[in-house]
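After this come two complexes, each holding subunit A, first together with subunit B and then together with subunit C.
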Partner chain A sequence: MEIKGMSYTANLRRQTRSRLKRYKTIYLLMIPVVAYFLVFSYFPMALGVFNSLHEIKLLGSITWVGLDQYRAVLSSPVYGQATVNTLIVGMGTFLLQLAWGLLLALCITELRRRVSRSFFQTATYIPYLLSWAVVGSIWIAILSPSGMINGFLRMIFGDGFRRIVFMSERSYARAIMIFTGAWKTAGYTAALFLAAIISINPSLYEAAAIDGATRVEQIRRITLPSIIPTVKVVTLLAVMGMLRNFDQIYIMSNASILDKVRNLLYLIYMDGIVQFKVGLASAAACLVLAMTLLLTLIVRKLIGYDRLG
Partner chain B sequence: MKRLMAIMMAMAMLLACAVSAGAETTETTGTVRMLVAVTGGKDDAEMRLFEEALGAATNLEIIIEKPASDYDNVLMQKLGAGESYDLVYMNASQYLNLAQQGALTDLTDYIAASDILSNNVPQSEWDDLKIDGRIYAGFNKRECHVLVALNKVMLENAGIDYTQIEPTLEGYYEVFTALRAANSDEDFYPFNTIISQAWDLQPWMSSVGLKGGVVVDESDGLTYVPYATDASYEVWAWLKKLYDEDLLDPASFVDSTTDMRNKMSAASQLTAVTVDWGAWIGLHNANALAGGVSEDDYAIVAMPGTMTPDGSYSLRKGSASLFAVPVNAQNVEGAIKVLEYFATQEGGNLLSLGIEGYDYTVDADGNVTMTEIGLAHGKDHGAPVPIYKDFVFLAGLNPGFEESLEYLEYASIETIISNESDYKSIVGKWAVSMIRGDVSIEEGLASMRQELVTMGVCEK
Partner chain C sequence: MKRTLLSRVYELRFYQKNIVWFLMTIMGVLMVLPMWNVIVVSTSSTLASTQSGVVLWWQAFSLEGYQYVFQITKLARPFMNSLLVTTVGTVLQVLLSSIAGYVLIHRDLPYCRLMMTFILITMMIPGDLTLISIYRLNKSLGLLNSYTGLILNGLISGFSILLMRNYFSSISYSLAESSRVDGANELFIFARIYLPISLPGLATVFFMEYVAKWNSITLPAALLTKESMYTLPLMLKMMILSTNSVSGVAQVPNNAIMAAIVISAAPLLLIYVFAQRFLLSGLNLGATKE
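And now, the complex of A and B:
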């Protein structure tokens, strides 16, 4: 409430003091959370920006280099290819995971028995809980020359069939990463969609059934439009994580397919951790951060995220 | 009275504390903090025993940190955070990178002043570590070599005496053909190798007189990669032939060393010939014996592969595994003392056999007997072959390993480069493409050369 005769600044100061006094307990409770983010998120980020502008030696002096390391990253064909790989695998994984998760959710909701529903929901969620060390090993074994896929193909085509080393085929590399990435996360996506589907008013389906709508029409006209806000949330979450995939590539790649799947974070790891080029890796990491922010803002605008209804 | 009792009790307690403190305190000449990857005990309890043993031998307080995993990451974080260690374990590539950054103490003068380090370690080993004439690390162990490992029993079943194998590409081709004919298991392949990392091709490349890694061409002073030259054509063509005729395991394109060793092990025997460290030849045999498999059913032997054009052999010695002293070390003299100890018989015993009384016992006649724990630890506490040049293996060597050491004279290291990972991935990628027939060998070699130059691995 403004006081007449008092300047704008004085009024603002007075209002701020009053608000602080009124909500002081809440602000006090927020301090640990803010401190946590400052110490473990924003300070490292600031340090990363600082490192990106300097040539860093692990022990010893640091040298200001300005934007040289950014120029090195932007002009590097290896980083360029890694960016392409990141976007292709990331986008492909997201689209497949979205479709797969949605299909799973729709199928699970059609199950009548609660026990079956719980079982399939749990079974499809388990891969999400496993680390890439486990998931990667599983799929490498399945795709190996003596693995399940080759065994199945030999059953179909006979003993004359020459085994395929899928993990060394460049033409399959990205598809394998997309498929295994979607396989791991589809259950999680399905769980999010399930929560949204369950909250739809059942009377809508009853009314539609009375009007003669088939089950497919009900899904198309009621279920899908109702879960659009959840789709937007899932999309935004996926975009924010799209450029940060490391574990999968580190575990599953090899020399044969590396330049088809090597992504930005893998390169940052090799430069920063293996070759101790801390400044260069920090510059690349800052660029990844900027790209993530830009991508998130663009996608947020495109999907109309702020219009959640 | 009560007050008197209280005073007497307090005095008794103080006296007890003083006595126990006096009894526990051992006078040391300083503390040495070590960051290690493979050295020391296999678990926390044994690590404490290892620290005590090393401390007692050097009259130092030893504190060892051994990350459970991801050593490269931990090393980078610890050094980057400015944590002070007196000795840090590292591989040759890390050694080169850190020395170039000025992060390591120059040890050249310390080594020259030390009788033990100068005389107990072969000069050739020090020469391999020199960067512009200076040395920035000491040794964790003596590096051994990679050579051809053969399943002797399978060879005998195929009618082959391994000592009579013709040391040429054609000779080994005949071996693989015979092995294939003698084994109808569809999952069995005579030969398995780690193509994707260009890790173990030296025994075959020696047939055309080529050395692995990056080499300086003396005619123009430029560096190049021999495996990428047209002179290597014959070997790549031979490997392609093995693949086309189902003699080379197609999983060689993606297998890790763990996969290869599992296939070679007594438990699976899905391959008969690999290329591996000499120590692993011994380990295969030791593991089989420990599992109750007799030598009549499973035995791995070592051969040096193909002969060079001038009638010798050419094998690859492992790149050094080192202990360096960071520039922010608190006790450089203590670190040197530890390095000196590692280069003695006693130090070598600790690094190989382990702790006396825990991993092994010594009777009145000086005979060494491994305990059950010691056997399970495979006589390896960081250095299965210690750096001391006259080291005596008190408990003997695993069967097959001693035989492999006969060929150590033919081994040499590859030049240390900072971007070794780029070298391996580029050579490995084009190797797979050529062997599988995705590209012709001529195209593959040309592309390999071009990419190696583009990525800064070599100059031509």
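And now, the complex of A and C:
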């Protein structure tokens, strides 16, 4: 669309202007979305950074305190403990969920009947759909003194068995969080693995079988190497979500196990909203955000996520 | 299907198959028994539900638990709250993200890339980490303890916009071009051409977001203090708390708690049954590499 006598740049500018005019309605359509993000996403972020650098009193006075709040967070034993709890529960959940999901996926592929396959897939997937309020309540009920676990233990050890109050036993607390976390996500992880397994080229198995490889060898040499990209995806998702676990602890924690399971986000919520330590909580939130980004970056590099395969 | 036929020739040995079945049984029991237990106890009589131990079958079938949660716990209110907030929020979200997705498929649109970056950055800021500021913002806007607050926060997500954009860009762009030449305006092209052929994409976003909003705990936990505004997850939490507490508060019977659990989970199970296809495609999309 070269117009005679006009320089290239002028032409381009003209073209842009005419497009701007043509797409006027389109820009109008975008206004609510942009406005939403500015108010509910960018502004809170900026406000969080601002609050982390200021001391805000209940009466409304605001004073600049620099990095004091950050120092307070970093030297606070409670936040240190919360970081340890978050990492232990997060790592544990991730490892168990990965192993559980992988085992589920491998076993489901070996099932020959469609009915049993879809039954197991559905049954294991459902917990992933449910909220932590539901999953947490289910497990609190099952682990209660009158619940199913104690019932089983009684069946095994006889009537002399003294019931265990699992939910207030400090030594079980983290294990329970790890187990329930994995219980909720194992089916989802398995679904991801199953999708990867289905897309493996069948002729690979055929060729291996002709060469005399047994089914177990086929799984080891073909299936497992083919789903490594999915392992990477699952790892990355877990790392990104690890520091952001709130719902589980909010629902399942109680006073007697709190210092074993209280994690960063729960502590931030308690400090910032319930106890009104806005500056401290904002500083902690900024640190967690930075930690998430850093951790994601490190793990991406470590597992070679950006390379192919 | 080809795969199934082929691998039928090359199966596991007999004892290995037994191992698979053994593992499947253990995992199946671990996953299914807890949920089954909930269903049985929720439909047992209050007396039977106080009995401890392994309850996997009805001793006395009764709907007392459901009666209790509706009459004494007044679960209808939180249920309606959840239903209202989730439904309105999800419908608006689908509408807005499909509009934004439609805008972003115009490749010759000036500043298109800028808008894209603007949206991508929001995906890096997780809402739960700005929770304190979101609480303060809502407080100053007077949105605490209000339906508007619950609906407005988290109304649009970068993810759903990208999902819609990807869906729209799989539709031939010349379709929009040719109708534009014919003089159709943008709104018409969007509403009459793009939306109707994108129904599966819309459904995916709808069901995914419906599940996410229905299950949301962080936001209501931050914004709500009034009990009449509670959504189902908060109500459930309160019910379990009152059971665990040693105070003189009347304990909620087991079957009532289980009934509340079933009621909270039922809509999601319905969605899973009827819209499994969309839900799975959406959830798996979230995990694909880039």
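Keep in mind that, in the parts below, the second predicted complex is superposed on the first by the 262 of 309 C-alpha atoms of A that agree within 3 Å, B and C clash if a C-alpha of one lies under 4 Å from a C-alpha of the other, contacts with A are read in each partner's own complex, and residues count from 1 in each chain.
Convention: a residue touches a chain if its C-beta (ideal position, glycine included) is under 8 Å from a C-beta of that chain, and two chains touch if they have at least 3 such contacts.
Here the structure is a predicted model, which is why all the values come from computation and not from measurement.
Q: Once both complexes are superposed via subunit A, do subunit B and subunit C end up clashing or fitting?
A: Pair status: clash.
Q: With the two structures laid over each other on chain A, which partner does A:I303 touch: subunit B (first), subunit C (second), both, or neither?
A: neither
Q: For A:I88, using the defined touch cut-off, is the partner it touches subunit B, subunit C, both, or neither? Pick first, second, both or neither.
A: neither
Q: Examine A:L224 and indicate which partner it touches, taking first as subunit B and second as subunit C; both and neither are also allowed.
A: Touch status of A:L224: no partner.
Q: Report for A:P145: first if it touches subunit B alone, second if subunit C alone, otherwise both or neither.
A: both
Q: Could you let me know whether more residues of subunit A are touched by subunit B or by subunit C?
A: C
Q: So, A:D159: does it touch subunit B (first), subunit C (second), both, or neither?
A: A:D159: touches subunit B, not subunit C.
Q: Please work out whether A:I62 is in contact with subunit B alone, subunit C alone, both, or neither, and reply first, second, both or neither.
A: In the superposition, A:I62 contacts neither subunit B nor subunit C.
Q: So in the superposed three-chain picture, is A:G272 touching just subunit B, just subunit C, both, or none of them (first/second/both/neither)?
A: Both subunit B and subunit C are touched by A:G272.
Q: Going by the contact rule set out at the top, does A:L258 touch subunit B (first), subunit C (second), both, or neither?
A: first
Q: Have a look at where A:M167 lands relative to subunit B and subunit C in the superposition and call it first, second, both or neither.
A: A:M167: touches subunit B and subunit C.
Q: Can you tell me which of the listed subunit C stretches (5-13, 149-157 or 221-229) runs into subunit B once everything is aligned on A?
A: 221-229
Q: Touching subunit B in one complex and subunit C in the other: list those residues of subunit A.
A: 140, 145-146, 163, 167, 254, 272-273, 278
Q: Under the stated contact criterion, what part of subunit C meets subunit A in this complex?
A: Subunit C residues touching subunit A: 2-4, 6-13, 16-17, 20, 23-24, 27-28, 30-35, 37-38, 41, 50-55, 96-97, 99-100, 102-103, 106, 108-110, 115, 118-119, 121-122, 124-137, 152-156, 161, 185-187, 190, 211, 214-218, 221-222, 232-234, 236-237, 239-240, 244, 254, 257-258, 260-261, 264-265, 268-269, 271-272, 279-280, 283-284, 287-289.
Q: Give the list of subunit A residues in touch with subunit C in this complex.
A: Residue list for subunit A touching subunit C: 16, 19-20, 23, 25-27, 29-30, 32-34, 36-37, 39-45, 47-48, 51, 100, 103-104, 107-108, 110-112, 120, 122-127, 129-134, 136-142, 145-148, 150-152, 154-155, 163, 167, 183, 186-188, 191-192, 195, 198, 202, 205-206, 209, 214-216, 218, 229, 233-234, 237, 244, 246-247, 250-251, 254, 265, 268-269, 272-273, 278, 281-282, 285, 288-289, 292-293, 305.
Q: Would you tell me which residues of subunit B are touching subunit A in their complex?
A: Listed in rising order, the residues of subunit B that touch subunit A are 72-73, 76, 79-80, 82, 94, 97-98, 101-103, 186-187, 196-197, 249-251, 253-254, 326-328, 418-419, 421, 424-429, 431-433, 436, 438, 454-455.
Q: Can you name the residues of subunit A that touch subunit B in the complex?
A: Touching subunit B from subunit A are residues 56-60, 77-78, 140, 144-146, 159, 163, 165, 167-168, 170, 254-256, 258-259, 270, 272-276, 278.
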